Structure formats: structure tokens, C-alpha cells
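Okay, structure first, notes after.
By letter and in written order, the chains are A, B, C and D; residue numbering begins at 1 in each of them.
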Amino acid sequence: MKRSLALAMLLALSLAPSARAANEADYKTAYAAAEAASKEAAGMRNQWTVTVSALAAAKKAADGGDFDRAVAAAKEAEALAKASIFQATSEKEAWKAMEIR
Amino acid sequence: MASSIRVRATSNGDITEVQALIQHPMDTGLVKDSKGELIPAHFIQELKFECNGKDVFVANWGTAVSKDPYVKFSFKGAKKGDELKISWTDNKGGSDTTTAKIA
Amino acid sequence: MKPRSALLLGSLSAALVAFALTSPRVVAADKVDPIADAKAFQNFFFQKFPNVTHEDFVNGPYSMNEDMKRQWQEKEEFPPYEFALDAGKEVFSTPFKNGKTYADCFPNGGIGIRQNYPYFDTKEGKVVTLELALNRCREANGEAPYSYVKDEMASLTAYMAYTSRGKPMDIKIPDDPRALAAFENGKRYFYTRRGQMNFSCASCHVQSPGERIRAETLAPALGILNAMPIYRSEWSGMGTTSRRFVTCNSQTRAVPLEPQSDEYRDVEYFLSYVANGLPISGPGARP
Amino acid sequence: MTTTTGTHPTRRLILQGAASVALLGLGNLPFGAVPARAAANDKYPEEAFKQKSEADAIKALYGKTAEPSDKVKLDAPEIAENGGVVPISVTTTLDKVTSIAFFVAENPFALAASYKIPDGTIPAVANRLKMAKTTKLTAIVEADGKLYSATKEVKVTVGGCGG
């Protein structure tokens, strides 16, 4: 579990800018995916603050017409949200390992 | 409105020990609020303690004194029941005064 | 963005390794047994800190560090919560517009009862905290509720805690499956990792009390709520139990829940119950 | 401001029971009154509080320099639990004290507080100060027209300038 969480975070880091400049449609797709994942995380009562800020950063960049940055931020938000979903899922049982008994 | 000044003055033979706590923001003028705007400096400059018509302690403060400032000192020559007068003024012209009986 | 994230990843894996090494032994979960849980919880801290007297745990980080304790004792000569205490007493004794007072809402007129909160309300089937009871009292008397995190709520609970100082925490779990479920849910919340830092409440307050995390000395979980509400120098002001939970969540980069959400009520129930027998020390002063 | 030095020896005897020091005080008795004591003046020392460095602040407050003295006892924590509220106190066995001041070298403005100690007041003060970061802390006691200092290093991990 620990390794896969780290992997999920690595994923967030490996988003090098692509050769082709991103356009608004790319952004909309990326943002929709990020938003869906973040809603799922919130539904599990496990939203991360960094997901919220990455989403906001994506929106801000898109509003400013910088779609490369907007897509990158949206993808980062999605990766973060997925990591938080993964965390919430695995913690359903994993928390017991921490318990004082 | 309750006084901004809390005082405890206790007599122990010839020596009176005084502790005071004052409600004041003591803003440095270097800190920004949540909107990113500088909070103007607002701090007590002078705090004076008088007993039996005589200054027994005078503090001159800058912005480096903590919020809700505290001070402790002792003086001689007063007895139980004597009145201590405490007053402060700040850099915006604000002030407060109170009196406390030495216990 | 990248270097910062990478840095975080590094510290995260270091933390994970540390946890892997120090995790308590895993025992198969079975039925909910709060009495055994409380005993194990207290024993864990008593054994981990054999030099700390049992009552001293309610003084949080000050029970862990002599230099800090001295600074605290110095401050306690004229504590920074003094103004909140006075304000709380005044608010508490000022009647509502309908002439009734807070005293009418509480057993024993609200004096010396802090140690009995939170309690499990068998009618509602939920945990009721002191903060919640205070706002319900206001609303029942036609007054608008207060913010749960600071100001009047902190002043009121400061005063009520002050009148209860020294009384042993005395939380009851009634014979009701929902009460047991609330306790268990609170326990789960306490041990569940969340936020990008992948920390649970226990990561800091069970594994590392007395140690420094960034700039703060961590308080032991045992008795941590006995000191509520607290004046935190970091906040330059007072904060309630709700505020403490909210800031803890934010620090692990988890979006905090609503104050007085079910999870927070349950974790308060759990943490208070396992501190049964330790004295109320609130209001407290903390760095 | 004039000082009636005549009461000093008696006060010292009662306070510290240190007869030898009291005798020393007696030796100064006829010439005890010293003029020019900036910090003991009635006016708020606006200029001194505006100085950034400790040296400039001391100069502006007193117009002279201080010498270290083991008769000045400065009490401060080694590690401040929070830079916003650091309990600091000073006591001294020096005689004819007219003022006590605190300087926090690394703060934006070094002078933190200056206290006038009128005749009959014990030369000891406790207060709480803000510290922006790990810093040298200096207490200066003005006694019989001279300046005596004590310093201490205070580690600050949470700065006191964040409000």
C-alpha cells in the first residue's frame, strides 16, 4: 500500500509538458477528470488541501489563457485526488495497525 | 465594558509585588492581514504605575512587546489597602486607566 | 512545483519507513470494548513516559519538556486566557432576550460539569459536545448560534472548564449499540491516515509526543482534550476543541470537516473517554 | 530628575542583607546624583525605538555604551516555545538602578522595552517579548549613571512576527 501511494505521487511528478501546446479542449478534458476524482475524494471525506489548490491553479491558468499550465495543474489535481482516494480505501482496514491495544 | 487592565498587587511586608496584564493587540505594523494588507502599527507606548502620588514604575514599550502585554515588578513603601493607579497610552492616542487596591 | 513535491515525497517515504518500524503490533479486531481500550491507551502513555505523573499528561507538551514547562509556569502567573475567562463568565451570566440563561440549559446550572462532556444522547442517538450543547441552548432560547471555533464559544467553554478544574474526566458510554458505534467510529477516525502528509492523529500524538515536528512540540493524545479550550500563542488567541481538530487536519494537508460534524463529535467522544480519570485542566495555554 | 540616594543603603540591607555592598553604596552617597540619564527621562524615547541595530538603539537611548556585568542576571528560555511570547526577566544586585531595558538584536527594531525604576522600586522586571528569529538578547541596567549588560542567546523556531 505504501509503495503504491508513493507511485501515485510519482505519477503526479512525471507530467512533463508535451511537445504540442495544449488547447482549451485539452484543458476541459483534464479538468473534468480532475474534478470528478476530487468529488469522489470529498465524498469519502478525504479531500486533500493540495488537490483543491491544484484545481484552483488549473482554473486560474485557463482563465489567463495558459492552457499548458492549466492542463498540467489539472493533471496534478487528478493524480492527487486519486492518491487521496487510494489512501481512504486502504485506510478502511489499515488504520487498525496503528491502534493501541 | 470591562477594563483592558488586569492587576494583582499583593503586599508582603514592606514589599508590594505587582503583576499586570493588559488587553492590547500590540500590532507591529509589519504583519499582513488575511487580505494581504499591512495591519498598521498599534502598540502601547507608555504604561505607568502610581502609588500614593508617586510613580513607582514606568514602562516605555515598542512593538516587540507581546500581544496582551504582561509585566511584573515590586516596590517598597506601600501597605495593604493602598491604592495603585495604572494607566497606559498607545501610539494612536488610545488610553485606559484603572485602580487596584493592594491586597 | 516539482522540487517541492519531490521534497515532500522524500519526507513522506522517510515517515513511512519510520512508521513501519514503530507500528504497534497488529491484533485481529473483534468486538468493541471501550473499557479495555481506555486501559490500554492509558498504559501505553504511562509506560512510554514513566517519569511523567499521570495527572501531568493533561498539560500537553509541557509534561514532556522541562524548559517549555518553565516558560509555561511563568505565563500561568498571569495566563493569557485571563481575558477570555472574564468574558466567558460575563457571557455565561448575561440572560438571553427571553430572560433565561445558560444555567437553565445545563445540570447544576452549568457549573463544574465540563468533565461530563461530550455525552451520548440516547434520544438523538449521537454524541453531544459541550460546544454543541451551548449552541443548542442559544437556539432553543431564540439566539443565533456562535462560531464553533473561537471568540464567545471559546470564552464560554473556558469559563465552564475553569469551574470544573481538577475534576476527573467522567465520560459514560451507555448500554446502547449506537454509543459503542460512535466510540468505535471516533477511534477509527483517530487512527486513520489522511491528507497528503499521510498522517493520522495518532502519527503525531501517539507515536511522537514530546518530539518536534517542524517547530512544534507534540502533545500526547492522552488528556489532550482535558485542557480545552486553549489559548495558543500561535493563534494569538483562544480556540475550541473544534478549532484544534480543524487545524490538525489542515496541517496534514487534509481539507478539514465541518466543526461538530459526526466524525469530530465521535473522535472527541473517544479521546475524552480514554482520558477518564484524568483531571480537567482547561482553559489551557499552549505554544 | 534628582535622586535621593540616602535611602539606598537601608533598602539594600533589607533586600539582600548584603552589608558589604551596602557599604560600597554608602561610599558613593554624597555624590550619588548623576545628571544625563536618557532612559530615566520622562519622555517616550521615540528615536531609540526607531533604531534597527542594537548598537544604534543603545546609543540613542543612553548616548553611551554598556559593559558586561555578572551582577545583571538575565533569565530567558534557551528555546522559545513561541517567538511571539517569550518570558524574559532580569534582576540585579547593582545599586542605584534608574532604568532597565531589553534589546532583541535580530528584531526589525532592536529596542523592545525600557523601564524606569524610581527610587524605592526593586531593580527587577519580568515581561514577555516577541522575537522574530533566533537572536541575541541583551538586558541593560543603568545604575549610578553607568550601563551594565547581560546577554543570552534565545533559539526561536516559530517566529514572533507572524502576529
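Worth pointing out:
Please note the rule applied: a contact is a pair of C-beta atoms (placed from the backbone, for glycine too) under 8 Å apart; a residue touches a chain by one contact, two chains touch by 3 or more.
Protein identities per chain, from UniProt: B = Thiosulfate oxidation carrier complex protein SoxZ.
Here the structure is a predicted model, which is why all the values come from computation and not from measurement.
Among the pairs C-D and B-D, the greater number of C-beta contacts is found at B-D. Distance between chain A and chain D, defined via averaged C-alpha coordinates, is recorded as 56 Å. Averaging Cα coordinates per chain places chain C and chain D 41 Å apart. Between chain B and chain D, the centres computed from C-alpha atoms are 18 Å apart. Separating the centre of chain B from that of chain C, both taken as means of CA atoms, is a distance of 33 Å.
The multi-chain contact residues of chain B, meaning those touching 2 or more other chains, are 67, 70, 72.
Residue numbers of chain C whose C-beta contacts span two or more other chains: 75, 80, 236.
Chains touching one another form the pairs A-C, B-C, B-D, C-D. The touching residues of chain A, when paired with chain C in their complex, are 2, 5-6, 9-10, 12-13, 42, 45-50, 52, 76, 80, 83-84, 87-88, 91, 94-101.
Against chain C, in their complex, chain B makes its touches with residues 2, 6, 8, 19-21, 23, 67-68, 70, 72. For chain D in complex with chain C, the residues that touch the partner chain are 77-82, 84-87, 89, 126, 128, 157-158, 163.
Within the complex formed with chain B, the residues of chain D that make contact are 11, 14, 44-45, 49, 84-86, 89, 104, 107-109, 111-118, 120-122, 124-131, 160-163.
For chain B in complex with chain D, the touching residues are 14-15, 26-28, 30-31, 39, 45-46, 54-67, 69-77.
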